[in-house]
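We call the chains A, B and C, going by the order they appear; numbering starts again at 1 in every chain.
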Amino acid sequence: MEYQVKTEEFTGPLDLLLHLIKEKNMDLLDLDVSIICDQYLAYIETMDPSYLEAMSEYLVMAAWLIEMKSRLLLPKEHLDEEDDYEEKRQEMIRKLIEKNQINEVIQEFEEAYNQRQMMFSKMPTLDQFSSEVEDQLPDNLEVYDLISAMQKILKRKMAQSPLESKVARVEISIAERCEQIETFFSMKKGQLVDFEDLFDEGDRYFAVVTFLSVLVLVKNQKLVITQEENFDRIYLKGKYYE
Amino acid sequence: MNKNEYLSIIEGMIFLSGDEGISVKQIGEALELSLQEVMMYVDELIHMYQKKEVKGFEIVNYGGYFKMVTLLKHKQYYQSLFKENVAKLSKSALETLAIVAYYQPITRVQIEEIRGVGCEAMVRKLCAKALIKEVGRSDAPGRPILYGVTDVFMDAFQLTSLDELPKLKEISDDFDEEDIFNTKYKEKNPNED
Amino acid sequence: MNKNEYLSIIEGMIFLSGDEGISVKQIGEALELSLQEVMMYVDELIHMYQKKEVKGFEIVNYGGYFKMVTLLKHKQYYQSLFKENVAKLSKSALETLAIVAYYQPITRVQIEEIRGVGCEAMVRKLCAKALIKEVGRSDAPGRPILYGVTDVFMDAFQLTSLDELPKLKEISDDFDEEDIFNTKYKEKNPNED
C-alpha cells in the first residue's frame, strides 16, 4: 500500500478514521475495530514525523485502537471485559457519527462564508445623526463588544480602501482636480453652480487644490465666474456648454 | 405619515446603518411602530427590492440585522475597486464553528470531544475573531465557560437565524443498541484484512 | 452587458463608495467605459432615483464625486434612531474605545487615522463619560494630548487587566492550516474546563 499522507488533510484522528472507513466502504455502524486499527497504523507510519505535536494526537488514537484490538484477541471468558469493549466501541461509533455529521455540513458552511466575502457593504454613516441623551453607562457591556468593534475597524482598513482611497485623494494633483471639476461641469450642462459646492468635501489640502484648480480652469477659459455684487454668492458655469 | 413615507424612512435607516445593519426593534423604537408593523414594512421593502430591474444591492437579514449588500454576481466589478481582502477560514476553524453553532451553549471540553483534538488555541482564536463568545458558565464541576456564536458569525455565514443551519444528516433508524450488539460478531472478510 | 446591468453595477459602486463618493473616472476605469458613457449612465440613474416613490436616499454630485445621501426631510427620524441611551453605546463609541484600549497611550489624531473618520466629538464624549482620560502629552509637535482608558472602562467591561483582551495579532491574523499543529493534546480531566 502506497500512502501519501499529510496531516494537514485531516483536522484530527477522527477525521482520518472517517476517511479510512469511507475508503473501505464500511458502514459506520458496523465499524470493525480490528480492520480499521491496522489501516490506521499503516497510515500513521507514512505521516511526517516532523509535525510531532500534531502526530501525538494521532498516536493517542492509535494506542487506543491497539488496546481495543488486543482486547478482541483475548479469550472471551470474562464477560465484564467483553461489555467494556462493546461500550467503548459504541462510544467510538457515536463520536464518529457526530464528527461525520459535522463534516457533511462543513462544505455548505464554507460556501456561505466564501460567498459572503464577495458581498460588500458600506461603512455605517451614523455619526452625523448621533446625539446623546443620557450620561449613564449601559450595564450590559461585554468584552465581545470591543473585540467585534476592533474586528470591524481592521476589516475596513483592509477591505474598504478603494484604489483611489482617501489617502490617494489627499495627494490629488491640480491637474487631476481640474479634470474632475471639468467632468462635473460638463454634466451640469451650463447650469450655474454655487462655488462653495466644490468645497463640500475633503480637508484643507483638498480645498486649496480645488481653489487653485478653479483658477486654472478660469484662466484656460473652461469656467466662468460670476458674482452680482461684492460679498454676494459666487457662481461658476462651464464655458464649454454655453 | 403614509406607507411610502414609512418605507422611505426605513430604507434610509437601513442604508445609513451600513455593514452594521439595523434590527426591527431599533426601527420600531425610532418610528414608534410595533414590531409587527415594522416587520410588515421591511418585508414589503425587501419585496420591492427583489422586483427591481436595476439593482446594485439588496436588503438581507443576517441574525436579525437588516443591511444592504451588493450582489454576488457583480463581485468582479467591485473587487477591482477594493484591495484583496478575502479572509480564509481553515478547515479546523470551520469545523469548530459548526460544532459551536449546532451544540451551543457548549464548553471547550465538549468541543474537543466531538473534534477529537485539543481546541484551546482554536477557541481563543475564534473569540478574538468575534465569531464566538462566552455566553455563560456551565453547572459542571469547575464551572467551565460556555461558548456560543455571535452576530458576526451570523453575518459571516449569511444566516438569518440558527434554524437555517443545514440539517444534520439523520442517524439511520437502525442505530440502536440491539443492532450494534448483533453486528458485533460479524465474520471478518479475509480479503479485507 | 445590457444597460440595466451597467446601471445596476454603477448603483452598487456608488453605494459602496459611501461617504467618500466615487468619480466618473473611477467608475469608467473599473467598467472599461468612456467618461461619456459613464456620465450617461449616472445621469439616468440619478433620474431614476428622482422618480422613485419610495426614496430613503438619493444620488448627489458633490464636486465631481457621486454619492448617496439620505433626505434632509427625514433627518429627525435618523436622529432618534442613533440617539445614544442607557441601553447601549453607539458603534462609533465602541470603536473609539477599542482603539484607545488597544493602542493607548494614543492621541486623537492617531485614533482618527485608525478609524478613518474624525473623532473630536466622540473623544470629548467618552472623556465626559469617564471611559477614557488624558494620560499625558505626546512629544510630537504641538504636544497633543494622549488618551488612555479608565477604571470606569475596566468596570464597565468587567476587565481586571487589559491583558484579558485578545492580542491584536490574534484579532488581525488570518487562519491557516497550521492551526492543528498549535493545539497540544492534553489528557482530558473531567474536572477541568
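Things to note:
Criterion: a contact is a pair of C-beta atoms (placed from the backbone, for glycine too) under 8 Å apart; a residue touches a chain by one contact, two chains touch by 3 or more.
The model shown is predicted, which means the values in this text are computed figures rather than measured ones.
Set against the Cα centre of subunit B, the chain with the most distant centre is C. Overall, the chain located most centrally, as judged by its C-alpha mean against the mean of all protein C-alpha atoms, is A. Centres computed as Cα averages put subunit A at a distance of 16 Å from subunit C. If each chain is reduced to the centroid of its CA atoms, subunit A and subunit B end up 14 Å from each other.
Centre-to-centre, using mean CA coordinates, subunit B is 22 Å away from subunit C. Shown for subunit B are the residues that touch two or more other chains, namely 16, 18, 20, 57, 68, 70-71, 78, 80-81, 87, 89, 91-92, 113, 117-118, 127-129.
Residue numbers of subunit A whose C-beta contacts span two or more other chains: 11-12, 57, 120-126, 129, 142, 147, 151-152, 160, 162-163.
Listing the residues of subunit C that touch subunit B in their complex gives 4, 7-18, 22, 26, 30-31, 45, 48, 53-57, 68, 70-71, 74, 77-78, 80-82, 91, 166-167, 170-171, 173-177, 179-180, 182-186, 188, 190-193.
Residues of subunit A touching subunit B in their complex: 11-15, 24, 29-30, 32, 34-35, 38, 57, 61, 86, 89-90, 93, 95, 97-106, 108-110, 112-126, 129, 142, 144, 147-148, 151-152, 155, 158-163. Subunit C meets subunit A in the complex at residues 15-26, 35, 39, 42-43, 61-65, 75, 78-79, 81-92, 94-95, 97-99, 101-102, 114-118, 121-122, 125, 128-129, 131, 152, 156-159, 164-166, 168, 171-172, 177, 180-185.
Against subunit C, in their complex, subunit B makes its touches with residues 4, 7-16, 18, 20, 22, 26-27, 29-31, 45, 48, 53-57, 68, 70-71, 74, 77-78, 80-81, 87-93, 107-109, 112-113, 117-122, 124-125, 127-129, 141-145. Residues 7-8, 11-12, 51, 53-54, 56-57, 60, 120-127, 129-138, 140-143, 145-147, 149-154, 156-157, 160, 162-166, 169, 179-181, 183-184, 186-187, 197-201, 210 of subunit A are the ones that touch subunit C when the two sit in their complex.
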